[in-house]
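Two complexes, one shared chain (chain A), two partners (chain B, chain C).
For the complex of A and B:
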């Protein structure tokens, strides 16, 4: 099995790289979408609503197929790497938007008024008072979303990205070492995800303690 | 007192406030001078809290004008943040920032809004905390404090901005009876020190002790305005009489045992 380790390691790096770029895109998209909904910006708000429902309720595999196989038909072709990161980002954005929005909405309006009454601008109230509380409330959902997105990378092989799943399937096909390869697959996914999970729960606990004390 | 009362601070002219078709404040006119303590009382839903929120520009108004030292208060104007620094507001449910310690709660706005140096703000914050007997709580989080302590911190937080005027919105309504006292004593201290304030309250004996002038609000208008001695002993209007009677109880013992 040892000779396949480098193959798995390379695949893991690819999975990590595209996975985290996807996560970053999803955070940016999610923040934009959440703010548009929180501030009830007309027209954009309806567009965001449609975006969220569309991407939350269709499988990533199908979204990737669209990006990779359908868009070139209208002259927009992208490399599998870009498709993977973008697809993950678009899917993740719809999940992140909901996590951030619920965090923002969990902070009472009067907290913001309390900040305004101290002479803060709306931006200062948002930055110092609303956002810190919103972030700690949305943290559990945020961490869960990251883990979910990194796991979703396992469908990347469908658009010929040589990720962990692709490598495992390849090796199984070549050498029939099914059990070993599947174990390796699990181990490598754990290597990717356990740190996220552990760091996530530490951050969650610290933020919770700061905000709510339990 | 007479010379203290000369300088005009706040002026409200024909204020009208309505939510859709419900008129909350009809035609309120009021002038507050420097050093004056105004108490606003009235049945719930009479518009007392709304009045304070309008003064702080937290509610859009539908008519009339509110000015602080001649400067118009309008929640949408650019100057509103600068005007609000001069108005210290204390809310019924404290509204401390739960993610910040007592000291951080107090120091945030003076440092970020007024851009004052940290050392100076911290010294003032500690001195004010000392005054309300809460210096040893400076590093606690709001959740670790009792209601009365939270409210005193909220008062200190507003004071640390060195406002020209304080607005108290039913600040003891959410407190247990034994904690009401400590908060009211703090406000009495401020009044004694010459602070200008508008107080909305249901504590009648406190109102009587602290105020220079009592406004009785009912149905969105000022029904009666008088010095406390007169208002509480000899109210002129039927509505005020009826309201004051709700604080009295008739004995129900019919015979001696």
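For the complex of A and C:
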């Protein structure tokens, strides 16, 4: 089994790399989308709405197939790595947008009104009053989304990325060491996701102290 | 149409086959969802017990489901257990087992959340009004729990439909596999088939999930007081 360890390690690095790039894209996209919806910017808002509904209601596997196999037919080919990161980012963006938007909307209108009447500028109200409260409410959904996205990376093997699933499947096919490979698969996913899960629950617990009002 | 490769869809009974593939996906997810909701309600109620052993066990179960990708669970059940125990498991059965395992944890967590979200004073007030324990549950607790629970479990249905797209990876012939077959078979006559067919599959999934999400969102808004 030892000679396969480097293969799994390489695959894990690839999964981690593309997974976290996808997460970063999704956070950026989600923030943009959430702010567009929160400030009710016309036209853009409708586009964002369509994007969110479209990507929230389709599985990542289909999105990746579309990006990787369908788009080249109209002259837009990307490497599997780019497809993976982009697909994950687009999927995650729609989930993150919902999480951030519900966080922003959970802050009562009275809060921003009071801040403005205390003489704060709009930016100050957003920076010191709205965002801290919004962040602490959307944190659980945010952490859950990150774990969800990192889990979804297991689909990447479908577009011929050499990720953990692909490596495990390959080795099972080559050497018929099913049990060993599956154990390695589970262990490596634990290595990827357990720290995220633990750090996530610590952050959530700390932020719960910051909840306001009740 | 030729350039986009949608024409491959209308050759022979291709579109019907594609819909049949979607039917397989929906059927698998429906079976898994029914099992998960039933088992999840039981599991959720069990989780509200204050027994430490129950707490630790359910916590471990929840954490496994939270961390392990469904795909890994599918592989473990479909390739691992069959090799280990030497039994014969069809791909469909493996899917139902895995998605029920996953859905039960999700549903159980939702049930636990909904039950513990009922404030204690609801019980106390109804006892103070002279209601028996059964009456309290029937008239006060269960209706409130259901109102929180139903939109969330409808959401679980859409997530189940989306997750069952993975079954293609262990060889169930569902909508994605059928679309691959159609694309391969029509490679010569409509070389751009991949674009048209995958776009249609994308839309089919959307059409299957969107109304359900809308319904869940509508109910959630209607019942939140």
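We take it that the second predicted complex is superposed on the first by the 211 of 214 C-alpha atoms of A that agree within 3 Å, B and C clash if a C-alpha of one lies under 4 Å from a C-alpha of the other, contacts with A are read in each partner's own complex, and residues count from 1 in each chain.
Simple rule for what comes next: a residue touches a chain if its C-beta (ideal position, glycine included) is under 8 Å from a C-beta of that chain, and two chains touch if they have at least 3 such contacts.
What you are looking at is a predicted structure, and each value in this text was computed from that prediction instead of being measured.
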{"item": "First (chain B), second (chain C), both or neither touched by A:111", "value": "first"}
{"item": "Partner chain(s) touched by A:119 [first = chain B, second = chain C, both, neither]", "value": "first"}
{"item": "Contacts of A:132 with chain B and chain C, given as first, second, both or neither", "value": "first"}
{"item": "First, second, both or neither for A:59, with chain B first and chain C second", "value": "second"}
{"item": "Which partner, chain B or chain C, touches more chain A residues", "value": "C"}
{"item": "Chain B versus chain C as contact partner of A:86, first or second or both or neither", "value": "neither"}
{"item": "Contact residues common to both interfaces of chain A (with chain B and with chain C)", "value": "none"}
{"item": "Residues of chain B that touch chain A when the two form their complex", "value": "56, 58, 81-82, 84-85, 87-89, 91, 93, 95-99, 108-109, 112-114, 141, 143-144, 157-158, 161"}
{"item": "Chain C - residues contacting chain A, complex", "value": "4-5, 63, 66-72, 75-76, 79-80, 83-84, 158, 162-163, 165-166, 168-169, 176, 191-192, 194-195, 197-199, 201-202, 205-206, 209-210, 213"}
{"item": "In the complex with chain B, residue positions of chain A that touch it", "value": "110-111, 113-121, 124, 128-129, 132-133, 136, 210-213"}
{"item": "Chain A residues touching chain C - in the complex, by the definition given at the top", "value": "53-54, 56-59, 61-63, 65-66, 69-74, 147, 151-155, 157-158, 165, 168-169, 172, 178-179, 182, 185-186, 189-190, 193-194, 197"}
